[in-house]
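Below is one structure. I have some questions about it.
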Amino acid sequence: MLNFLDTVGEAVAGIKDGSTVMIGGFGNAGQPFELIDALLDGGATGLTVVNNNAGQGDQGLALLIKEGRVRKMICSFPRQSDSWHFDEKYRAGQIELELVPQGNLAERIRAAGAGIGGFFTPTGYGTMLAEGKETRILDGRGQVFETPIHADVALIKALTADGTGNLVYRKTARNFGPIMAAAAKHTIAQVSEIVPTGGLDPENIVTPGIYVNSIVKVA
Amino acid sequence: MSIESNSQTGTQAGIRTGIQSSDTPLGRDDLARLVARDIKPGSFVNLGIGQPTLVSNYLEPEQNITLHTENGMLGMGPVATGGQIDGDLINAGKIPVTELPGASYFHHADSFAIMRGGHLDICVLGAFQVSATGDLANWHTGAPDAIPAVGGAMDLATGAKDVFVMMTLLTRDGASKIVEACTYPITGIGCVTRVYTDKAVFLTGPDGVQVRETFGCTLEELQDMVPVPLKAASADGS
Amino acid sequence: MSIESNSQTGTQAGIRTGIQSSDTPLGRDDLARLVARDIKPGSFVNLGIGQPTLVSNYLEPEQNITLHTENGMLGMGPVATGGQIDGDLINAGKIPVTELPGASYFHHADSFAIMRGGHLDICVLGAFQVSATGDLANWHTGAPDAIPAVGGAMDLATGAKDVFVMMTLLTRDGASKIVEACTYPITGIGCVTRVYTDKAVFLTGPDGVQVRETFGCTLEELQDMVPVPLKAASADGS
Amino acid sequence: MLNFLDTVGEAVAGIKDGSTVMIGGFGNAGQPFELIDALLDGGATGLTVVNNNAGQGDQGLALLIKEGRVRKMICSFPRQSDSWHFDEKYRAGQIELELVPQGNLAERIRAAGAGIGGFFTPTGYGTMLAEGKETRILDGRGQVFETPIHADVALIKALTADGTGNLVYRKTARNFGPIMAAAAKHTIAQVSEIVPTGGLDPENIVTPGIYVNSIVKVA
């Protein structure tokens, strides 16, 4: 069932300790800062977080990591010039890292939403990141077996929602939003605008409302 | 000295002296200009973070090149400045960019499907090392205290029809980055087809390393720097 | 007699006589009305070709049901008539339909990802046979001269959270379509959760077959027709 | 390279005998009738055709089958009330049939375009259509290994193209178009309208021009 909520606090209230939480965004584009702040306020801990990065500067996901709420990161690019909170936790052995090539991260998230039990991809074949994984030659190329990444909750940012929960995004802020919405049991979207049902063109919907559970408008 | 004059000289020099097309090593911008010139009209191209992004400064409109950025866009334009800057419109290096007419946006799985599916003509990447058979190492130094980060490097390396590498030929310590076998953790096996360096352009693949042109050195001098057998590329080896 | 009165009587009859909720077997429309009534508000539903499509005639607006059609749409409306008919807007049975506010279109892989990914609440299908453990046979008679055609049947059977079957209980020859094990080629294993027939509503699953209600027969009379052990469903077994 | 052609005949001229040809459409919606007619006129034979169905009535794909140009059909639903040409060829043993559940057909086509070497899907597990195929239990469910379906050529129908080959579709006529465009080496699209580059909103592109090689406007 779809709920429209008044505050980000209500939106994230059901997130339990130990949950796997997907967080949309690539860098700051599409990162749902307000939902992350609410998650920080809400106190859930022991989280596994799926995001392309591991937080930047002193905001959003970086703060969640700083506060010790994140047990494990699944991401492709944790190390950035301003990823000091992750760096510190990682070097202190206080956070687990599953490093996944970016395209495999995206495809594994997509597989979870699409009900695919696993797939073979050439990305990573013969590298450190395929160590211990099943491989085989397909279409004449070495390929690595990868499995879906499911989540309890997805926190994403979109531009506009309609009354049935359909979403559209804005430019490259779209990035992980659509695939995370499909991969999580419960998807929470923060949007800039809510329009009545019928206010979005059916040809242009990027995330159908079937993938969305909670919507909160953020000014 | 601009690469245009270099490359004209180069053609003549190629006839005169073999493959030496410049009397001096190329700077980063000249190298970027050379890569840009070598991209076939109508190509779909991904430029990696760092030195490869310089290539976009030298693409000519009449080449009709479409740039892909793996965070979800085809038809990326130049870096945004001033009022153009929009936090929702960034490239893979998280730099604000612009949108050209004919652009399209898509989500991350669709974007990497473009790469993994072999739809990009060329991807230009930086590198720590390239092996004689085209193995690429560009994501991880392997240092015990390094925090690993891979991003889209492995997807780009395995996905594009041609993978061009741009790098200096030698490390600061004077070691060749073209090696018999990579000592850094690899990004992809046998994926590099061409290596653009300050001292020469190399063609790599299952048949070993060929030299298309040299800058400020002869093939013999180049061979002294590089620990794998080199041979001059055939005339049509561009 | 409408199903509304049936179901009211049914509730009372359930108290009085056990699970017999109608004095007569249900017709196709009454059965469709019963299925429609049982779909929880807010559900996402796919109605298979044939008898299941009748269900859409009895969904109430206040139920807020969203219909999925696997050829690429959520928010499908009623069958198109007259000037509404548009060859580009059809359902999985290739019948022209209409679009409701809030609809969305997507390509075939995205559409079947909705199904295979378990995002549909209910799928309603016809069947040749259903086994005691919920195996479904509905795509192929297995006759040697039959040309097989499967369409989306297997995807629907494996994908939805609940698979409801609508069928007559008996074949024209009087054989039960609820069987110990399917003799027709199966569509999916253990996927059916509920079977709506003219004579009874059955709940199927790993624990065997329970009867929620009967129409025009007692549980004992029903057991005489069905070759698998039946038991009355518990009161909350709806 | 992208070409805009004046006639459907020119568009299909390069299709060789023995090619694998994907043809868009679900029933008649999105079926590129004019391109199929041109393929019929062009004479290519020994084709493997990938389509959801196997032709209806006396038009399009049905005629291609009638004329004996199709060696093999890969489809999910060949048998329809008006699929008499396929039925006749099939019963006469003159056409090969690879029957694929519709969602697996779509996902296998998608896999080809996305560079996935193979994947596991629950669809078909335990059925006749999984006989001889590798299976394993993943996510607690029996799943079947399926491989990508590549093609030499895709013939698809879209609504509008822009000058860079970006495509948008119309309603349920979208169906197989986007995934076939990505799966074929050479994609030919017939469209109702061509607009200048910049005439389609970048947010609403369904098939980016990178997947399209030839475009022909059909009145």
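Per-chain residue numbering starts at 1, and chain names A, B, C and D are given in the order in which the chains are listed.
Simple rule for what comes next: contacts are C-beta pairs under 8 Å (C-beta built on N, C-alpha and C of every residue); 3 or more make two chains touch, one makes a residue touch a chain.
Keep in mind that this is a model prediction, so the values were computed, not measured.
Separation of chain B from chain C in touch steps, taking the shortest path, is 2. The greater number of contacting C-beta pairs, out of the two interfaces A-C and A-B, is seen for A-B. One inter-chain figure worth recording: chain B and chain D are separated by 35 Å, centre to centre, where each centre is the mean of the chain's CA atoms. If each chain is reduced to the centroid of its CA atoms, chain A and chain D end up 33 Å from each other. Each of the following residues of chain C touches two or more other chains: 99, 105-106, 109, 112-113, 115-116, 159. The residues of chain D that reach two or more other chains are 107, 114-116, 121-122, 169-171, 202-203, listed in rising order.
Here the chains touching each other pair up as A-B, A-C, A-D, B-D, C-D. Interface residues of chain C facing chain D in the complex, by the touch rule stated above, are 69-73, 86-91, 94, 99, 105-109, 111-113, 115-116, 140, 145-155, 158-159, 185-189. Residues of chain B touching chain D in their complex: 42, 44, 66, 68, 73-75, 99, 101-106, 109, 112-120, 159.
On chain D, the positions that touch chain C within their shared complex are 26-30, 52, 76-80, 86-87, 90-91, 97, 99-107, 109-110, 121-129, 142, 169-179, 206. Interface residues of chain D, counted against chain A in their complex, comprise 107, 111, 114-122, 136, 138-139, 141, 143, 147-148, 168-171, 201-204.
Touching chain C in their complex are the following residues of chain A: 1-2, 112-116, 162-164, 166, 182, 197-198, 202-203, 205, 208-211.
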